[in-house]
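Shared chain: chain A. Partners: chain B in the first complex, chain C in the second.
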Partner chain A sequence: MLQRIWALPTGKIAFTILGLVLFLAVFGPWIAPQDPLAANPETLTGPSWQHWLGTDYLGRDVLSRLLDGSRTSIIGSLQVALMAMAVGVLPGILSVYLGRVFEWTALRLVDTLISLPFLVFAVAVTALLGNGITQAMLTVGVLVSPLFFRVSRAATLTVARSQYVEAALISGASFGQVVRRHVWAKVLPPIGIALAQTIGVGFVVVSSLTFLGVGVQPPAPTWGGLLASDLGYLDYQPWAPVVPALLIMGTVWGCNLMADALRDVSGRPVVERAR
Partner chain B sequence: MAVSTVSPVTAPAVPQARTADAAVRAQRVIGRILVVIAQSVAIFVPVFLVATFVTFALRSISGLSPARMQLGEQATPEAIARIEEQWGLDRPFLAQYWTWLSDMLRGNLGNSWSNGAGVADLIGMGIGISLSVAALALVIGITLGFAFGALAALRPQTWIDRTITAVMTVFSVMPAFVVGIVLVTVFAVGLGWFPASGYVPLELGLWPWLSHILLPALALSLDVVADVARQLRSGLIAAYRENYVIGAAVRGLSPRRIFLRHVLRNGIGPTLAVLGLKFPALIGGAVVTEWIFGLQGFGRFANDSAQAGDVPAVQGVLVVSIVLVVVFNLIVNIVLGRLTPASQRGV
Partner chain C sequence: MTSTLGRRSFLGGLLAAPALGAVLAACGGSGSAASAGSATLKWASSYFPTHWDPVVGGSGAQFRHLALVYASLTRVDDAGNAVPDLAESWDYNDKGDQVTFHLREGLTFSDGTPVNAEAVKQAIERAKNQEDSALFGDLTSIEKVTTEGDLDAVVHLSQVDYQIPLLFGERVLQVASPKAAADPKALDQNPVGHGPFVVTQIIPGTKAVLEKNPDYWDAANIHIEKVELVSAPDPSTVVSGLQTGVYNFADLAPSQAKAAEGAGLDVFVQPGYNASNLSLNVNKKPFDDPKVVEAVRHAINRQEFVDKLTFGYGTIATQPFPEEYIAYDPDSADLWPYDVAKAKAALAESKYSGDDLKIDLVIPDEDASAEIVQSQLAAIGITVTIKIDKNWATPFFAKDLVTSLYGTTGRDSPLQTLTAHFGPNGPLNLSTPYEPEGFEKAVAAVRETPLEDPAYAETLQKATREGLASEALVFTFSQPNVYVKDPSISQLPKNPGHINWTGVKIS
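And now, the complex of A and B:
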């Protein structure tokens, strides 16, 4: 599977970007050249050998702050995606099997959840339930879980109505066996795609929250927070928002590309085999 | 289906029959709209109750109290108890919920903890700004999205299509606050064409109003542009592959007529469905763009009251945003049902 994704040009770019981002998340705080919180008298300087990306309004090293702040955003977006998957997948599969009442209720609930403005909810929940963005990420996870519900339901529907599942049931396979052998095989690829997409969505949400300063304590660096503080000094450093903005956009792009690549490798061979 | 349209029996020859026919059809249209509204209400009521209950429970879960806000950290327990009694917070939870809910249905969202003003009034002051921005963003998003999507679909696999697809990819990965910062940097700070912040009501002139909301609307709209363009492109390309398009071409209909009457009408469904999902994103995005552009709107109010721990204000914000989204979805559903009856048969 991974090899097939790597074989695509989009897959290569996606792997490279996401690998780099993951590397930053794990090792970023360690490879930061300077203390991300240490202020010094040279404020708002341009790039130099000592400060590759210049310094901010308190004279803190921007590169170190970017590296140190990478972890918060990435962990947050993973929390969103995993929560959404945990909440959405099983009801999606079960909605095909558990009868019409459950199906109707689940579908209506999903319609509602998907239509709630999750950024407003995220801000509200984070601010009211105290510090840390974990609660907000889990809330957003629940709110975007309909994506997982829909893809797993759609995939299950195609399996449930196929003849080979009927054949398996007639030949005495139990419900559990059918789910394990046939349903999962059809459901996993779209879930992978949805996972890549929700990580991207989660990333935008975390960046937006940290941009607003919700859920993080002030001196702690975050990508969104860096953008927000740059905004106050546009007159002196109009180029300053470029790097954090590119990092955020690049990560989202990497997630979208990964979703595209997954869709390509999971879609095509099936069609070819069908012919 | 194709057989019934050529059957000569159904063709009404008498004018009276035709008007009767039109009346029946109008009745059916109204009936369908009523069904959509009834369905939406049936879904809306239980969901609204659950959502508002969760919203209301936020106060208990958060453990926040107006006393802390007014008296500070050094308050005595007696003083806290007195203030909580004033706000009715010493009553049983369900009784509080009932009061809040019945007040809310009458349009009273309670009073802000920070200044005692009515939450409904506070939200009302800013909502005009947010709706102006959201509406303009929708207009920009739909116009540009339709133009790009249709252009790409009419010239598939050419450099036009590829350029549009590439630009849409860039648009779709740009979060609203990044676009907002870029726009402020370039057009407000750099070129000085637009004001960097603030708002002027429409009564003071069209251009002052437009110049203040254009950049925030543009920041919010790029995501809509990208989604509408991509959905429309794939919808139209799929519709062009249908046999009825070949049939129409064989019958000698002009390309313009084929596009407008057959392709557009059948290929537009997914785009409208996506549009229904975009509205909540616009409301959510308002939280960020209003911060960047210094607009005192709904989103800014949501952010400020959340950060201040002003629970009644946050609850009001959530309720209003739920209502806004539901109303918008209702409109989209009715339009969708009129344009593509097939979407009513459900998935």
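And now, the complex of A and C:
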């Protein structure tokens, strides 16, 4: 699968971008040239040999804060995607097999989740449970889970009505065996595509929430948080928002390209997002 | 497709913001005044009132907006002295425990109810007794109110207190129509007073439209016909809003002052009593050890707050009064100088170490001050975790927090400022019921000293000195009230801490 993705031009670009992002997530805090929390007397300075991207409103090295904030930004988006997958996939498959009551209940619950605006809901939940990145991201993950529910349910419905599955059931195969041998094989590729898309969505959500001051607590840096604080000092550093904005854009683009590549190699149309 | 467009829109918006700002800047300029409309004040405020009932709103920054609708018994002049408003005069009895306010004749609230002594009596009683009153703590000297005739309200005091005329200004006694106040919840949505303006529309949390009150006692000096008060958007967009004529007056973050000046707008500072502090709870560890408090006092570098947060507009604060104010105590100007070595030595002598010196600093919103406190205390070995709690007010005023930040806008009565910060039940004293020894006696002496007494200043400064012995507060810096206006608006009177529209013209 990986070789087939790499063979595609979009796959090469996606791998390159996401590889760089992964590198930043793993090594970013270590390669930061200065302590990202150390304040210097000179605030809002321009690029220099000492501070390649200048200093922020408290005199902290911006490059170091961007590198240090990579991990939090990326982990946040992964939390959203993995939570959404964990909550959505299994009920999506089970809704096909566990009867009408479960199916009806699950579908209404999904409809409810879709109707909730996730930024507003995340702000409300963090007000109740405490303002933290994990609370915010897991909440958003639950709200994004209908995407995975629908993808897995649609794929399962296709498989469940196929003749070879009916034959397997008639010949005595258990429900668990059918799911393991036949359903997973059909469900996994679209879930992979949805996962890549959701990581991109997660990035935007992490950035949006930290932009709004929800999630990550100061002074911990994130790309969205840096972008938000930069906008308050445009008259001093008009160029400052460009770098964090490009990082966010690039990563989301990489995730979308990966989703396209996965779609192309799996021969399936791209999954329409739930929201 | 939908999702892709959404992401693109979001990110495009982020990138477009600076460019858009530049375009708006280029399109603004001198034409903005014309688009502001004739004699219409378009005020974008960061403190849009959450409550329109003055009893619930309390003495915070929002009283300035409520003063558009409500008049009070007194107001303050440029020197901070109490001068007539609804009351044209007042006098104390010889003992000093009774003050009679003589009201202006023939005034009515905007609902037609007369402004009389009974209305004042009900206003004071409501502030003292209403369940959700934010003012009752300021009225502890008041025993009862009686009326003499239609226009004289007699305030009987439980102790001699010459601060009452200052207390009954805009911050504590904006007088609402008793008819409207019979239903406080309705009043909270639909204010009725005898102020310079009358509310015609309120969209909660967003916008209020007011028109000039022709029956206001000083209507001849109100030259603004209409006010559109809106909740300010992000500070970075305020200047663009003024340039394009969306607003013509706004609160301004000091970081935006340079942009506003560059755009040809009038940036000005209103005098005030603003002072920020680090609040400590000496009832909780580690601040129950005076050595830890001493360490914190010496660890705070006030100049760093000024340099990094105020963009040239602020000053250091060692007490809750500005240096030129009558209550400012010069002897207490440098009680706890910044000295990391002393701070470390004090901490070494404390009974706490290691994990005991890990504290939570709880604040309502992101605040760069918190990050400065965090780094300054880290330098002496105290680990601060910043926690943003949108419900911050509840634990703060319940005195449940270990440490927090607070910025006061001051009070017209310096004694009210002192008791609010240092008194045993002061709302800004995180360490209730703790109060510094000698403070109560010093406060009583101030109450008993007439404001015109030659000894008043000295007595007041002694009370400040006694208050500053408190281990519960470390004052940090003062960020003044910075405003920006379109040049078409004339200069505002310099009443300290207030926004007074009397005599202001919009050309």
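Everything that follows uses one rule, which is that the second predicted complex is superposed on the first by the 266 of 275 C-alpha atoms of A that agree within 3 Å, B and C clash if a C-alpha of one lies under 4 Å from a C-alpha of the other, contacts with A are read in each partner's own complex, and residues count from 1 in each chain.
The rule is short, and it goes like this: a contact is a pair of C-beta atoms (placed from the backbone, for glycine too) under 8 Å apart; a residue touches a chain by one contact, two chains touch by 3 or more.
All values reported here derive from a predicted model rather than from experimental measurement.
Shared-chain residue A:S208: touches chain B and chain C both. When the two complexes are overlaid on their common chain A, residue A:D111 makes contact with chain B while staying clear of chain C. After overlaying the two complexes on the shared chain, residue contacts for A:M249 are found with chain B and with chain C alike. In the superposition on chain A, A:S95 makes contact with neither chain B nor chain C.
After overlaying the two complexes on the shared chain, residue contacts for A:V125 are found with chain B alone; chain C is out of touch.
Applying the stated contact rule after C-alpha superposition, one finds that A:L37 touches chain C and leaves chain B untouched. In the superposition on chain A, A:S64 makes contact with neither chain B nor chain C. Contacts of A:P241 after superposition: both chain B and chain C are touched. Contacts of A:S77 after superposition: neither chain B nor chain C is touched.
Comparing which residues of chain A touch chain B with which touch chain C, the overlap comprises 126-127, 130, 200, 204, 208, 213, 227, 231, 234-235, 238, 241, 245, 248-249, 252, 256. By the touch rule above, chain C contacts chain A in their complex via residues 1-4, 7, 10-11, 14-15, 17-18, 21-22, 234-236, 253, 255-256, 258-259, 262, 304, 307-308, 365-366, 368, 370-372, 374-375, 385-391.
Within the complex formed with chain B, the chain A residues making contact are 108-109, 111-112, 114-121, 123-130, 200, 204, 207-208, 211-214, 224, 227, 230-231, 234-235, 238, 241, 245, 248-249, 252-253, 256.
Chain A makes touch with chain C in their complex at residues 37-39, 41, 43, 57-59, 126-127, 130-131, 197, 200-201, 204, 208, 213, 217-219, 227, 231-236, 238, 241-242, 245, 248-249, 252, 256, 272-273, 275.
Across the complex, chain B meets chain A through its residues 43, 47, 51, 58-59, 61-62, 64, 169, 172-178, 181-182, 184-185, 189-190, 276-277, 279-281, 283-285, 287-288, 291-292, 299, 302-303, 306-307, 309, 311, 314, 317-318, 321-322, 325-326, 329.
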